[in-house]
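My questions all concern the structure below.
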Amino acid sequence: MLEQLKKEVFQANLDLPKQGLVKYTWGNVSAIDRKSGLFVIKPSGVDYETMRENDMVVVDLDGNIVEGKLNPSSDTDTHAVLYRYYTEIGGIAHTHSTWATIWAQAGLDVPAMGTTHADTFYGSVPCARFLTEEEIDRGYETETGNVIIETFEERDLDILAVPGILLHGHGPFTWGKDAKSAVMNSVVLDEVAKTNLFARGLNHFAEELPQRILDKHYLRKHGENAYYGQE
Amino acid sequence: MLEQLKKEVFQANLDLPKQGLVKYTWGNVSAIDRKSGLFVIKPSGVDYETMRENDMVVVDLDGNIVEGKLNPSSDTDTHAVLYRYYTEIGGIAHTHSTWATIWAQAGLDVPAMGTTHADTFYGSVPCARFLTEEEIDRGYETETGNVIIETFEERDLDILAVPGILLHGHGPFTWGKDAKSAVMNSVVLDEVAKTNLFARGLNHFAEELPQRILDKHYLRKHGENAYYGQE
Amino acid sequence: MLEQLKKEVFQANLDLPKQGLVKYTWGNVSAIDRKSGLFVIKPSGVDYETMRENDMVVVDLDGNIVEGKLNPSSDTDTHAVLYRYYTEIGGIAHTHSTWATIWAQAGLDVPAMGTTHADTFYGSVPCARFLTEEEIDRGYETETGNVIIETFEERDLDILAVPGILLHGHGPFTWGKDAKSAVMNSVVLDEVAKTNLFARGLNHFAEELPQRILDKHYLRKHGENAYYGQE
Amino acid sequence: MLEQLKKEVFQANLDLPKQGLVKYTWGNVSAIDRKSGLFVIKPSGVDYETMRENDMVVVDLDGNIVEGKLNPSSDTDTHAVLYRYYTEIGGIAHTHSTWATIWAQAGLDVPAMGTTHADTFYGSVPCARFLTEEEIDRGYETETGNVIIETFEERDLDILAVPGILLHGHGPFTWGKDAKSAVMNSVVLDEVAKTNLFARGLNHFAEELPQRILDKHYLRKHGENAYYGQE
């Protein structure tokens, strides 16, 4: 069942430690098959070194296990909320990667200060608010998804143009057209979180990238007239 | 004698350089067999690259060698004090890991600023005071153990809910149900020491995690109703 | 066609991830054959892990493809401008390496604060200005090359004595007698960007290297009476 | 000729990149045979990846080549000065390792702020002054050795109790009883340079280690009654 998707999700999960984004089991990646409305996600708390392709769990959009012997990631409900609301996304990644987590703990948006940022994120990556006591009691993981949506709605952001968010005091969620690009966006976010932190420390007056440079870099890779790469 | 425990302690010691927590011989891990009251610990000053499973030393709770041709870690008496006082712990790790050591040298408790912290430590990780001249003369390693106990008693902390401490000017000790989890707690402590340092540097007003988030994350992994992982 | 040069450019491109200067496809190296006036450059957006020697693209000094099935790097026109203007350079490298990018985002020149710097760069590495709206519209990559030339002209710098520059908000370009030395200069620039940042942070009054030390180190490696190495 | 010493020096040189202390050819290690008064040193500017045991150069205490087809390290005269003056040292290492170099560029002594430091260095590691114009003209490498001696004499330091120094604007020299321990002392110096920098940044009031802890740690490893390790 969904063997190709399991393979992709498995490989994308292995990319997390390979790219230095997770230690132990602190991360998870999923991808959805829009035809069946089912998504594949990493099992909860399973070691990356012993995990096999076959351990991937298939769940429906309510988070119910459809296939798999293991419990899915404890963050499964957050993934489900995002897949339900944003039909244009195909893969989601969550990590506690060091530098993105630092901005999440600082409770700050990551501003677009360089072209590495502009190549992937069309503007600041927002930091979502803490959940309230009521929201935690109602369902921590589901409400985490809802707060992500709330943040994008309030700021009127395009979910594909800004494919990531920080959860205050927690860490990043990123997404993309598939599992692989979701992970790639996590790598970019962690890297720009690092360069921005030190650039501001080096020059407290360092400013955001001028709009014209942001436009140029984002659009040469993502716009209609994109000319980066082989397509 | 205690062959399975030796294997576990040996592997846990090898995890220290693998996880980037030690250089050369700057660390040691032990684990106890509560039935016999004996514990297994790394030999002193032996290179991780040439160390064999059989080099592990078996000692009793007074720190006397019961089996083994090599001297046990020079920190053996600190381990013995902790095993005697806290019958609920099964493994102990000591390192000079970079970021935890930085907080130890700064003489500061590591506050709970993120969920990576809350997943493992239920509140701040304390920094113990320096030993006095008298304590050093009486027995440096034994008194180091006593100062750890003093710190947990004075602050009324649960040894399992906060499985680690910093020694001022020195570095971390962590513990757990076995050798492996003691090392894992060292990895977490080093990582949160790093993220907290830079989060505070990035935003001097960055606050500790709200109590409700700390509770949620700690309890979804450790409470009676824990639902993280496969158990 | 230019098989030896393709080999060198391919190897130099692989050195970028090996030296920790790039993630994914965020970098490119080229080298020129002055006899034919053609240069070899990395294809655009191709993964370092699957890229083969044969994927290298041969282009002329106007940036037109002469041989190769893939699109050349999107930065090809910047390379072309530099090769046309500076006939003494044989290889060019561009990366988003972490520490050089931090200075680029801070919009600051990298001062010569140590002998690691002086061994390669004879004075500060300049940071070029942002391009204007008009320049971006006229041709982003070509005008990026022109701004590099403008910076060196205005400051009256020797292109071989200072073999690198930062682009504000973007990252470094470096060059040298061939592809390999261009990459080596990227490694040096990233390292001194890191040490200078922390040296200034540690001692806000830390000064630039005295002129006599800068002279000594640069000239013992590069002057007429150089005595470093085996030549 | 001195085959065993060549082997040791070769291995110790390879340890430099392995321990992350050097990139390319930015470092050199030597060791002396006191009977013959000859020392073995890395050749100048030779790549660590292609270097062979047989490339090591044998020189006398005036820095003249006694055996070897390659030029010895350009820093050979500095090594010679130290071997001539300090008959108790057997090996010397020089690197541009990141964190020690940062302190060298900041022009500051590295204070003893933790037990990792105290286990190896009995007090602050000094930073030597810049050379004067006259000294550079007279002989840069020889005078570098003389300034190291001057620093230890003026401060009345024991060369074995403080086995390392920083050269202002340059980087560290360390030494020991042989090539291996010289490299080990470089590793320690780089690590404490890192932890001290961030400890002071985290807590501007962080103090040096109390004398009683410095004594205890240094002496349990190096004093007459040392009890660390297997000897």
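In order of appearance the chains are A, B, C and D, and numbering begins at 1 in each one.
What we mean here is this: a contact is a pair of C-beta atoms (placed from the backbone, for glycine too) under 8 Å apart; a residue touches a chain by one contact, two chains touch by 3 or more.
If you want to know which protein each chain is, UniProt gives these names: A, B, C, D = L-ribulose-5-phosphate 4-epimerase.
Please read these numbers as outputs of a predicted model, since none were measured by experiment.
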Set of chains whose contacts include both chain D and chain B: none
Reference chain B; chain at largest CA-centroid distance: C
Angle, in degrees to the nearest 5, of the Cα rotation that carries chain C onto chain D: 90
Euclidean distance of C-alpha centroids - chain A vs chain B, Å: 32
Between chain B and chain C, centroid-to-centroid distance (C-alpha), Å: 46
In chain D, residues with contacts to at least two other chains: 200-201
Pairs of chains in contact (touch as defined earlier), listed by label: A-B, A-C, B-D, C-D
Chain A to chain C touching residues, read off their complex: 19, 113-116, 184, 187, 191, 194-196, 198-203, 206-207, 209-210, 212-213, 216, 220, 227-230
Complex interface listing, chain C residues touching chain A: 23-24, 26, 43-46, 70-71, 74, 96, 98-99, 101-108, 130-133, 136, 140, 169-171, 197, 200-201
